[in-house]
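Look for subunit A in each of the two complexes below; its partner is subunit B in the first and subunit C in the second.
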Partner chain A sequence: MSQSYNRGTVEDFGRWREFTAGMWAWIFHKFTGWVLVGYLFTHIAVLSTSVGVDPASAQAGSDLYTSTLSGLESLLIVRFLEVGLLAVAVFHILNGIRLLMVDLGVGLESQDKSFYASLLLTGAIVVASVPTFLGGKLL
Partner chain B sequence: MAQHYSSFDRGGRRWLFQRLTAVFLIGVLAFHFMLLHFVNHAADITFLGTQARMSQVSYFATMWLFLVTATFHGVNGVYNALVNQGLTGTQKNAVKYMLGAAGLLLVVQGTRVSLAMTTLV
Partner chain C sequence: MSTQIEQQETETEADEETEPEVESPGDRRRAQRNERQAQEQAQREVEEETLDDEDTITLKVFRYDPEVEGKQEPRFDDFRVPFHKGMTILDALIYARDHYDSSLTFRHSCRQAVCGSDALFVNGRQRLGCKTQISELEDPVRIEPLPHQEVVKDLVVDMEHFYDQMEAVEPYFDADETPDDKLEEQRQTRENREKVKMSTRCIWCGACMSSCNIAAGDNEYLGPAAINKAYRFAMDEREGENRKQERLRIIEQEHGVWRCQTQFSCTEVCPKDIPLTEHIQELKREAVKNNLKFW
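On to the complex of A and B.
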């Protein structure tokens, strides 16, 4: 039998020391969501270099889209930002699955453990992916 | 039963659509990351390679639906986060229409981009 708790509002960030696992999950989900929506707008802006590509330069691989992407990928900072993006996306996906389970009432009693599992799995996937993201040609 | 706590109105459609788009996005976002970072390395992406992928009907349709659902999920998520922070009245309406317009513009520009990448049209 579950009980009713009054933990106060999660929007009151000043009392973060009192936050429980579920409240941290809520904050991380909002934060990663803000990052992902910001990235979505940036991503479409970068991909807009594909509009009006000259077919001849595309054949030669010197078109604006190809050179913009390879130029960005040649910067080490961009590779690290991509690893950060992966971390944010993986956590948002895993915690999103957790939220869908909570919504369906599945495993409510273990919602704190599934938050810790999301964090651990995110960390493991990100660490395992670092060599892939840092591989390939760099400046 | 723990206290009911939600960013959404009870019985609201925004809650349902946020969840439905989430289910789709879980798979497509993971697929997108896998394909464009692990199968094809991002540093090796070329316009011709992108065009070859985007000229398959199923891939094009998946990516365009990805654009629309991700935009809705993101913009609706931001709106709900702001409502959570206590946004009400005229400010709430102004934010709603601004986010709606930003989302619409993103879908229009994203559609232009996807059409520029394909030989289907």
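On to the complex of A and C.
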């Protein structure tokens, strides 16, 4: 057989050239799933290192836990990250439900529409959450 | 989807002709044909003269030939092809080959979406050359060989791996029991025929496999077409329970149905509109039902 040419980058880009709804959904689901795992570990690390057992200072509102959390909440970047986390979680849940339907073989013809619906709903919920997350006073 | 240039019907005129001359029907037909060809030639010349930008399309075609020095670096060649109504990608390629560069290489045979030899990567998507209208595409039309297969020359890719995957699912009817009388038909119920109907339409073009991200990253993955083939027989009630179990064993293996991540790209590109993802999902459920027993 004739020697054949490995198209290298053409090959790799070809794979991603034309994205369809299902492929975006897949990428986003992977991404959000791993972000959630990352958050889970950070969450555990932060909380487990900020539990102090000192009833007196807890009474005064100056214990480790309160100061850690209010310290975090006073950072604008943390507020934005929280909005991002909500977006990621909501999309993962909605698309997760979509994937469960796909696995059950329900409504496969509208899999693209249900993906767009997940995106829109995520967007709406995130926008609605902005006042809550960004509204509180930065202590 | 006609690939022919439209021809004037002249038969009715011929019937009305009542010339007394001693002329064989063959002579008459030949004379008419010559006349028609002359007309067409004249028409074509006029068309070609009045050709402007609107009537032509530009093809950007991937070229590569490992056997000719100077063509071993892949490149894109531009061809300007006159457009006519109903023109397909394949028609345009044939025109370019016949008029500009006879070394331009691509596979085709039936020109009517039956043989499956001309799946190409057109404007970033897997399409069947003979089933894709130029008018649906943006100009210039970029034509490349199918991704994720070795390129042999120009638009020709090596299909060997794809065929191997197809063979791996034993793509032939093989019933547990055949009728004693060899001539007896093996009838299928209407419902069962409906169930496998879409899956029988595969023309082995390889578009689905080429579009699949998972298949691109895992060479052992059976791929949508092969799994669809397995579906076609596993769901055929005439084969019997034993054969079905064997078929399920094939599709359940490590690089079988479970690799599918439901991206639906195969379903999007299949020129025969086979609901590939649906069939893969159904086989997944079938496999689970087969293995999970709570009693």
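Here, the second predicted complex is superposed on the first by the 120 of 139 C-alpha atoms of A that agree within 3 Å, B and C clash if a C-alpha of one lies under 4 Å from a C-alpha of the other, contacts with A are read in each partner's own complex, and residues count from 1 in each chain.
Simple rule for what comes next: a contact is a pair of C-beta atoms (placed from the backbone, for glycine too) under 8 Å apart; a residue touches a chain by one contact, two chains touch by 3 or more.
For clarity, every value in this text was computed on a predicted model and none was experimentally measured.
S.K.: Considering only the touch criterion stated at the top, classify A:Glu82 as touching first (subunit B), second (subunit C), both, or neither.
M.R.: It touches subunit B, and subunit C stays clear.
S.K.: Counting touched residues of subunit A, say whether subunit B or subunit C comes out ahead.
M.R.: Of subunit B and subunit C, the partner in contact with more residues of subunit A is B.
S.K.: Between subunit B (first) and subunit C (second), which, if any, makes contact with A:Leu121: first, second, both or neither?
M.R.: neither
S.K.: Answer with first, second, both or neither: which of subunit B and subunit C does A:Asp112 touch in the superposed model?
M.R.: In the superposition, A:Asp112 touches subunit C alone.
S.K.: Let me test your reading of the model: by the given contact rule, A:Thr20 touches which partner, first (subunit B), second (subunit C), both or neither?
M.R.: So A:Thr20 only meets subunit C here.
S.K.: Which partner does A:Met101 contact after superposing on A: first (subunit B), second (subunit C), both, neither?
M.R.: Neither partner.
S.K.: Quick one: classify A:Val35 as touching subunit B (first), subunit C (second), both or neither.
M.R.: A:Val35 sits against neither subunit B nor subunit C.
S.K.: Just which bits of subunit A does subunit B share with subunit C as contact spots?
M.R.: Common to the two interfaces on subunit A: residues 2-6, 11, 99, 103.
S.K.: Along subunit A, where are the residues that touch subunit B in the complex?
M.R.: Interface residues on subunit A, with respect to subunit B: 2-6, 11, 30, 33-34, 36-37, 40-41, 44, 47-48, 50-53, 58-59, 61, 63, 65-66, 69-70, 73-74, 82, 86, 89, 93, 96-97, 99-100, 103, 129, 132-133, 135-137.
S.K.: So in the complex, which bits of subunit C are touching subunit A?
M.R.: Interface residues on the subunit C side: 64, 66-67, 72, 74, 121, 124-125, 144, 147-148, 150-153, 158, 213, 216, 261-265, 268, 275, 277-278, 281-282, 284-285.
S.K.: Flag every residue of subunit B that touches subunit A in the complex, lowest number first.
M.R.: Touch residues, subunit B against subunit A: 1-3, 19, 22-23, 25-26, 29-30, 33, 37-38, 41-48, 50-51, 67, 70-71, 74-75, 77-78, 81, 84-86, 102, 106, 109-110, 112-113, 116-117.
S.K.: Contact residues on subunit A for subunit C in the complex?
M.R.: 1-7, 10-11, 14-15, 17-18, 20-23, 25-26, 99, 102-105, 108, 111-112
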